[in-house]
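A, B, C and D label the chains in the order they appear, each numbered from 1.
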């Protein structure tokens, strides 16, 4: 069970039409090497799931500019004008999801739950077409679980079993995305032997991680 | 007051709303400035929706940490006792009512406490980010903004733009006054002495209730 | 904002009829000192929420034996015969909840969600009287959020702001209980200054913790 | 075979179901013994529902760690690469389908794959613990038990006791045989050579489908 693979091997697993979750927040620690590999391979018609679409020249923002994305599911697209342009021209579909709802939808998929009952979005366009469930007299929006074919995440320290530690504000969506995709590849700043990380301080158990590539030197 | 002075005036007045021990989320822009005017002896904990509590000021030049940015992508620092977590926990904190006060800007607010601040159809669609969760989950929602947009009303009888949340706003603080959203409508409780009640009303698209105890703003 | 209090001060906050969540698993690291203080004070009619009711002589198990509990909400009561006895005699009410459902119900309360949609318990007595919600053709049980007046939890290392680190298998329900009670008191093995814990490795943010007592020397 | 030999026989056969890399949850009692018979070259990761992955064997006398017990409250160890987490994450793993195989005992199993293992009304009500989540969430559910309870049928046409889950069991392994729960009923696919098909059928409260490829159990 050697999980360590090359960037080329990772790219071989990413195909046209896949739904892909990307860790990161406003371009801060997207999996830069994996993104560049996807650009180089020219993967098309991606459904991109992430907090945001970064900036035009940074990380996953480049996938938008490069027109490799068919649909975006994100909470914020304002920092990448190209996302708005392609949305307005009808070239690309955009589903805007409140950030907390996005997190819970992904977690619900990972946790085997049927959905999320949240007050967020009630009475707004976010509620359009969705069921409202009443619990003890209060209304909640039923938001459905969100899975992906692939999750491409980043880790600061990753052991050879795939156990991950994140660093500071770059944890964000990575831990929950790791639970909600058929294929999970982590781009590691540093790779260490299994047993080197304190078992109390591992943030994503290695069972969620299929493969590891060495990142860094962005 | 010029635009910068107005912003500082608003931020200073917002800061007075915060109590010792409060957990506070400040939106991008003007709300972020509130952190600069926290009164002496008041300790608050700033939450950043990308995943931490205990946000400190911007780092000195050259000391930026590429692993540590705020929800606007700007470099920040962490105060002693701060803590990092993931997005699910971050919004558990936000949606679960563990944030005492959230301060954010608005395109429109109305007398029902409805808020619109995330899109202008056909023009600007940045997305709601964490705003919908914040105004739904925080115990107290303060809108901090200029009273009008170049003369156009932003405080309205009814919002015209797509909403961020329904019945969510508690307090509106502008360069003209401090307004509480009540069941009867928007009540002007403090006024900038540079303006008259008539001027504030004229700049407002909803009929203001004037507090019997209307006071001058002190910042 | 000094959160450090004495055991006596903590006991003063616990009153008859309160619902109280207790961290721990089969008596392994219940908040032993706080439990003993509740016994000494003679608090009555407690609604006890915990994974289990421990053993008759250990931790929260003693509260059952001592007849201080009006109702139990737990996943397992088999290791404390007295729980079954009082249930069968009708002296005490027992609500059995699947362990994963218990965890999610507590988390939902902490997270401001309207409930949990889980496949667990469908077609069993656990589903009796509960709503079933269909999502994309699959059925899920709607389980409601579970809050308490008080959460009494344990921490291995706690800083003066209430930031907590748990140790090994004693983490269990403590982190989620900390999010779902009006009053949260942590019994700490060790108390350190704020800033001493690595901010990446804190498991419960101090904002959830109202008070700290020094435990240890069980 | 005496009772202990039967248990070992069952545990040995269950162990052969596990594949390299599997995440496995073993129930208290007989299922726990499966860990002792994992085939050479197969590496599995044991999950403990009280909050960890990578459970190792019991510690040597005197080396018990009061912070580290399994879901039955017994002292255990952690293998290198193991990891601790809280109950919410533990059951995210369990309910979310991240456990490949769960092995547990039963009071009754029926031909629809229904399982009863958590209470006998009026007699024994220990509670379901994590069992309901485990059998609902694990990819493969193996019931490992004695074929009968002192002669009384445990494998039935229809369970009579309160259920743990509906249509959940994939495989039943007893000292008499290995049975798959199929859409048509319970199919005997392997048999302990010490018994005849007729004996197994007589000890079973449902009509067995006898596999065309019925094989002897090898352990």
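Heads up, the rule we're going with is that contacts are C-beta pairs under 8 Å (C-beta built on N, C-alpha and C of every residue); 3 or more make two chains touch, one makes a residue touch a chain.
As the structure is a prediction and not an experimental result, all values here were calculated from the model.
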item	value
Shared interface partners, meaning chains that touch subunit A and subunit D	C
Greatest separation from subunit D - chain, by CA centre	B
Inter-chain centre distance, subunit A versus subunit B - centres from mean C-alpha coordinates, in Å	29
Distance from the mean Cα position of subunit D to that of subunit B, given in whole angstrom	55
Rounded Å distance, subunit B centre to subunit C centre (Cα mean)	35
Per-residue multi-chain contacts in subunit B, two or more chains	52, 78, 84-85, 91, 95, 136-137
For subunit A, residues that touch 2 or more chains besides their own	104, 107, 111-113, 118-119, 166-168, 171, 199-200
Pairs of chains in contact (touch as defined earlier), listed by label	A-B, A-C, A-D, B-C, C-D
Subunit A-touching residues of subunit D, taken from the complex the two chains share	20-21, 23, 43, 45, 52-54, 78, 80-85, 91-93, 95-98, 136-137
Residues of subunit C defined as touching subunit A within the complex	104, 108, 111-119, 133, 135-136, 138, 140, 142, 144, 165-168, 171, 199-201
Residue ranges of subunit A in contact with subunit B within the complex	25-29, 51-52, 74-79, 84, 87-88, 94, 96, 98-104, 106-107, 118-126, 156, 166-176, 203
Subunit B contact footprint on subunit C (complex, rising order)	1, 107, 109-113, 159-161, 163, 179, 194-195, 199-200, 202, 205-208
In the complex with subunit C, residue positions of subunit D that touch it	48-52, 65-73, 78, 84-88, 90-91, 94-95, 114, 122, 124-133, 136-137, 162-167
